[in-house]
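In the two assemblies presented below, chain A is common to both, partnered first by chain B and then by chain C.
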Partner chain A sequence: MTTKPRVYQTQLAVIGSGLAGFAAAVFALDKGISTAQVGNTGAIAYTTGYLDLLGGCGEQLLEDPWEGLKQLRNDEPRHPLSRVSDGEIQEAFSLFTRALSDMGINYTKPGERNLFALSPAGTTKPTLSVPETMITGVTAKDSGARTLILDFVGLKGFSALELVSNLRKSWPGLTAKRLEFPGMTTGAQLYPEVMARALEVESTRRQLAEMIRHELGDAECVGMPAIMGIHLPDRVHADLQRMVGVPLFEIPTMPPAVPGIRLREMFEQTFPALGLILVPQQKVKNVDLGEAGTVLSLKDSYGDVVIETRAVLLATGRFLSGGLHADRFSIRESLLGIPVTQPEDRAGWYRKDYFDHRGHPVNRAGIEVDELFRPLDASGVPINEGLFAAGILLAHQDWMRQRCGAGVAIASAYKAVEALSGYLS
Partner chain B sequence: MQTADETFETDVLIIGGGVTGTGVMRDLALRGINCILIDQRDLNAGASGGNHGLLHSGGRYASSDTETAAECRLEGEILKRVAPDAIDECGGLFVAVEGDDPEFAGRFGEHCDVAGIPCHQLTTKEAREQEPGLSKRVFAAYSVPDGTVDPFRITVANVDHARQLTDSLYLPHTRLQGFEMEDGVVVSANCRDSRTGNRRSIRARQVINAGGAWAMEVARLAGCSDVNLLYSKGTLIISNTRVTKGVINRLRPPGDGDILVPGGTVSLLGTTSDTVTSLDDIRPTVAEVDRNLAEGMMMLPGLENTRFIRAFSGVRPLIREAANSDDGRHASRGFSLFDHEGEGLSNFATVTGGKLTTFRLMAEKAGDLVARRLGNPELCKTAVEPLPSSDVVRWTEPGFAPRYWYRRNDPADIILCECEMVPQSAVDDIVTSAPGAEHQMSLQAIGVRSRIGKGSCQGSFCSINTTSHLYDRGIYDSIDGLLHARDFVQGRFKGVGPILWGEQMPQMELAEALHCSLMGLDYLGQSERVEKEAGSGQSE
Partner chain C sequence: MPATSELLPIAPIDFKAKADELLPEGASYDSCLNCGLCSSGCPASGLEGMDPRRFIRMAMLGMNEELSNTRWIWTCTQCRRCMYVCPMSIDVSVLVGLARGQWPDEKKPQGIVRSCDAQLRFSSTSAMGLRTEDFIEIVEEIADEVKESDERFNDLEAPIDKQGAYFFINQNSREPAVEPEELAPLWKIFHYVGADWTYASKGWAAENFCMFAGDDAAWETMVRQRVDAVNELGCKVWVNTECGHSFYTLWKGIDKFGLDAHFEPGSLITYYAQWIREGKLPVNADWNTMGLKFTLQDPCQLVRKSIGDPVADDLRFVARALVGEDNFVDMQPCRSANYCCGGGGGFLQAGMNEQRRAYGKRKFDQIMTTQADYVLTPCHNCHSQMEDIGEHYDGHYRVVHYWTLICLSLGILGENERKYLGPELMDL
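So, the complex of A and B:
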């Protein structure tokens, strides 16, 4: 017996479930475009939850991303961010962060300057917007508030002493304390995701708050690893804060980390209610690009799925999420075989010095798009009128060195959705 | 002359912490002699750490150099007796592939006989039963008693034993700057601790130069121009899994990518041979990796789809004799002991050249010379005295850490390196009691003494976990800990860059995202570094 495939008809299919894919879905739903989202979850669980716009430029980290963008448009006109105006970027960020708040995670309002937010190593990272559970860390550092940093027995790769050792010079009022997480006191390894789910239970929160109060001393605020719940972190945060009596903040942990898992789960839970057809965690098996529309085939645990759509937005990411693949000789785009701009041969992929500030040429490899963010074939012609692309799959950017991953994702998704909305009408 | 910040005195100063230098150290300690060993970087930083780890049966040299072949066979047998923990007697094959010279292949058996190497001809069917990955194009095969040896285990154990026997001392990152000489006698060595900038003066009655590829430079500092070396750079690649049971050698005159050696859970394919004129900035290249791979695939086609985790290079110090060509493939693999008496020196000697397999013999010859000069009547004991094996030297052994961890069964002993299953307690043990352990030990130094950074992530993730742990323990208390982590991943990248394709690309992307985008190691402490350099400049 064969079961009939489930067939969906939509105006737009977004392929990819990373930040760019989610942002595109948000923008498309906002415009009332009927949308399906498919494809493997991207590397979103590997993110800090911070939304960077542009933080690195050559030899220095940037305080003013807008000044940096001016420079970028001059030096790197083909950079995806150079193709989006300041006004469009502001609009994209505010639409996206507003949508996140509506769905359940509050973010700080994207502003004029970069925030220098904390890393688990005790370094700081320029970023434009952070989850509200993390902002006190930025302000406490800037004001030099007496702050207690907590870590937990069994939580690997997060050391309060490491944070304090590296921040002490500019932030003398820091102290470190190690706690045993309530209900998990065997000393065995703990995982942030498990701790976060435990803190959604009120009694665990109460026990932890009690322990924190005990260690508080004269601290004016308290920082701890990002474990304040998976769902509704702002409520967990507010409740803990109320019980402890001083401002609390989260610091991202090493990935896979809770802030990224929160985003993924939130999208997966709220999107279907907004009318989005979501087929998460599944790889697209076939794409049939046609003149009038495109047919996507995939399979999930309920059987075959067919999506008939007028427009497709490709946001499949790079190597980590499978959008690009490299063999010994060249780099190719995995799903459609779109030409990839890349160095001539493998010897040109990486520079000698890992930390060379110019970044590695391979990181700027990617697909080319036109001004409407449509992928181009080898002769520079759009592959299909209804095919668009966004995110770090695009060539001519180095999101890791330039600290612009979220910026590229959100801004290019915005532009691509603007363009495809015109195409659809 | 400037006064030193630290002064040391010893019977014998040994320069060079590779297998030979540490071998001399243990050899002399077994004769009751106190030594100080110095290295400009750390144990096995040169060719001793940059090779196949092959314990030659001698088959490799049977057709070209009977003397070296026989020497390898004898030394191999001795090492199997005295250091069984460091050796895997996995056996080996020599295979000829269509296109190789059938006449060369046909005479292999008789060449082995001449050198006394046990060798059995196999049918190609038997060979493929033994090693199923062999190419269908193999037309001749012989089995020989090749094995593998862990050079890290050997050096660390040598130093540890010498420490126990005569309180001998090992000083890492101690760079030799010159000698104080009086009437043909080396009185002391002037060194600098490259980590702290401190000047170290070491007075010794005898000095042994075991500098490997650097031996020529060291000899020149003592005014000796009789050491002439040819630098032959060799590049190897390491696979993620063990590809074969035993060693596979190509049955033809030596060339690129013609030996594949298992090393615990991985395999090593190499090597290239390119003459270089400088010892600076030795690193593997994409072209060298591809040459090895192209040749290796002739013997083992499955290498095409094997995942490789790192490439590395070493420089063979080959003794250049007047009539020798400049081609490293044809230079002798033998070693030389220079007593430098012809240069008017009476207490300085150089031992270099040779191979990993013959390091013990090199140390014995150097030890005999030094003992004689010191009037010490003891004979060499390294051929009979087993190399002791305490826990602290066992962390280099693949599989030891996980076995130890399961046996210990303490859930609170968290695994820091997940690829190689190295727990916190191993790191604690190394930073307190391993040979060369010191204050604020670097990740590189911990890596030399353990499996940390040697698994498929190549230190991308365990460096972060281990650094955090060392901050927790108070070993690090400033930005220096992160600088060590940065230097470690930067050093590992040298070997990772040329093998990045396929499954390694996502790994690398994640690593770079962590190191740069998340932790900011690429912009780390630039101001601190500047201050430090200014500081050390003043003490010049």
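So, the complex of A and C:
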């Protein structure tokens, strides 16, 4: 049996399909750069859907991320966000959230201040932009609106009572109720994804709305786990809200959660329609960097795929997504063996106190890039003129502690695409 | 109620040890994050008290006896959606296949076993037990009817064993065995584009329930017979009728068993798309004056498990050309992320109707959300399952083959070839 490899020729190949990879693809398509993208499900599957810019500085939570960025540039000049101007970050967020809205998920306009958005545990976190289906939770909390929080029999990892208990001090108008989700009353474990898909059916929405109306009392709005549809959630949200008669909002849940599935499915569907060559759920096996161009090789279920490209953008993430690999002694970059800035030995990875406010050095390990976001070799020289990198693979940031994962992803992807666009022309 | 293991004492497999041999390169149970994306995205979750994540966790814990005996393995359709959504690319379906193979035949769902046995009995390899002499007679009879009833096709041919034909056509047994009039639309399409094709007197049947039975040796026997048949006729391309698993079983089988195939396996959908692009099949949606809405079901075995999104693109290209851009609406999710309908993996033949319909509820909801009047699908198992769940859950849609619409659009669909169309299209 003869199987021919499928060969694609593009100007740009994005390796990685997390937030940085998707943002890079958005920016590249916006510039009319022919693009291929390869990557399997990674950490994006676990997102809340919130787009943080910068939420933490030491032990402090930031209300004003732009003030925080000033401080960051002063304290941590090598932080990836320190290498992007406010104007560029604003442009990047604006382009990206507009693109998300165009593709099917409306986001709030990134503004001057951080929003303090709800977590499933009943805490809040500073973030710059949230899906429209979640914004009422932020405003209701700020105004102290009488709010009913719902959870469901069989749904694990989301307790209305826990959320209410933890928030009631600052938000006395909260009450909790548990419902049985329509058509899923056997007591078996429920998954938010399954409930979300069921709510895409109008009759399920009608049944749920009826149950909510019954429990509404004097509540001015209703919060529930993020289950309002996977595809076109704003439509499901609006329709359910109309049926219930008061504003509704979603609260992200523990994985496996809907916001990540929404984003991934949306990208996988809309990108090919925009002309992007997407090889979903696969990892690049080999990269042959050349002077005139690069050849990527991989295998999917049907056989060999070859992508011939002029520029490559590496957005492979950290340990979970496979961009970095740690063994017992050191950390390496998985695909190209790019030098990784890291503590001298493993003893230096962690501080003694897990909650040390300075964070752990291992979390700042990553690859070095120049001002054009090109990865550097051990002597500080770009590895290849056409190789760029973006996202949390980059060194000198602690995205979880600093609550800047999306910020690093979107801002660095923007800068890298600006740079590679110059390179391509 | 006694535990399943008491009812079915099956020799346990060491799943963890076997996984290391079976899982693809780079994947391992050890890397499972226990996140549950697999279970969340699996319509078989919760059936028989099992789900993919639980299956993996139990394997990790060495609960081999329980896993070897759970009936859940017959509700998993081996659609591989778990692997598709897994950040660590863990494939539960290969372990399900392994577990199926360990069950003695008398314990397996008898519908699957009988179908596999039937395939092994005759050189036709038909799971419905149709013998070649009967097949040839049916083909000749239907071909004669077409020639007589429509003068545009009075030189139509449905050749058997035509040496050196370009296409070797693999035929699902359902048409010759149950609804022979459904054979003709595809022949008409071949005639229309001037395709050089043939059936064969052996190994002509498409289905492969031996694979679903977990019987690798029988799967190999099936594929070997069919590969030999194509090689002997010297055909360049093997194409199966609109059928999902038969493509996977042959294409994968050739690789898995290291067979020497002197041809290329192809999908009929790819050729429909190619012929439309080349202008050989000048279809359009002018017939759809009523604005009937269509959605389509991506067969897992053809899309996610075999060719991937390129064939998903072709499915949509052909569908849009046939029904009109505005009348096509995708199910969500779709393409490689699509849900199995619940008819695959032998589930339709397994006699577990209650579980199969519970599984199919998700597909039913997907279809209802589209508000489509018709579901197009090039897979017989998908076709039967979606018809069944439509009836069971009171949906008002119909399920139709591509060939029916192609011929309808070209004005060459016979009156007796409309059994899957609604009354509104009977006289068109």
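Brief remarks on what is shown
Quick note on the criterion: the second predicted complex is superposed on the first by the 425 of 425 C-alpha atoms of A that agree within 3 Å, B and C clash if a C-alpha of one lies under 4 Å from a C-alpha of the other, contacts with A are read in each partner's own complex, and residues count from 1 in each chain.
The rule we apply is simple: a contact is a pair of C-beta atoms (placed from the backbone, for glycine too) under 8 Å apart; a residue touches a chain by one contact, two chains touch by 3 or more.
Since this is a predicted model, take the numbers as computed values, not measurements.
Applying the stated clash criterion after superposition on chain A shows that chain B and chain C can sit side by side.
By the touch criterion defined above, A:R78 reaches neither chain B nor chain C. When the shared chain is aligned, no partner comes close enough to touch A:R332: not chain B, not chain C. When the shared chain is aligned, chain B and chain C each come close enough to touch A:A188.
In the superposed model, A:F158 makes contact with chain B only, not with chain C.
Of the two partner chains, neither chain B nor chain C is touched by A:R146. When the two structures are aligned on the shared chain, A:Y46 is found in touch with chain B and with chain C. Comparing chain B with chain C, the partner in contact with more residues of chain A is B. Shared-chain residue A:A121: touches chain B; no touch with chain C.
In the superposed model, A:F319 makes contact with chain B only, not with chain C. In the superposition on chain A, A:P255 makes contact with both chain B and chain C. After the two structures are overlaid on chain A, the closest C-alpha atoms of chain B and chain C sit 6 Å apart.
Within chain A, the residues touched by chain B in the first complex and by chain C in the second are 43, 46, 186, 188-189, 255, 320. Partner chain C is touched in their complex by these residues of chain A: 1-3, 6, 40-43, 45-46, 186, 188-189, 191-194, 197-198, 200-204, 230-231, 255-256, 261, 265, 268-269, 272, 278, 280-281, 283, 300-302, 320-321.
Within the complex, the chain B residues that touch chain A are 283, 285-287, 290, 293, 410-412, 414-416, 461, 464-465, 467-469, 471-472, 474, 476-479, 481-482, 486, 489-490, 493-494, 497, 500-502, 505-506, 508-510, 512-524.
Of all the residues in chain C, the ones that touch chain A in their complex are 26, 33, 35-37, 39-41, 45-46, 51, 84-87, 89, 251, 254-255, 259, 261, 263-265, 304-310, 313, 330, 332-337, 362, 365-366, 368-369.
Put simply, chain A touches chain B in their complex at residues 43, 46, 48, 52, 56, 60-61, 119-125, 153-154, 156-159, 161-162, 165-166, 178, 186-189, 252, 254-255, 318-320, 322, 324-328, 345-347, 349-350, 352-355, 357, 360, 362-363, 399-401, 403, 405.
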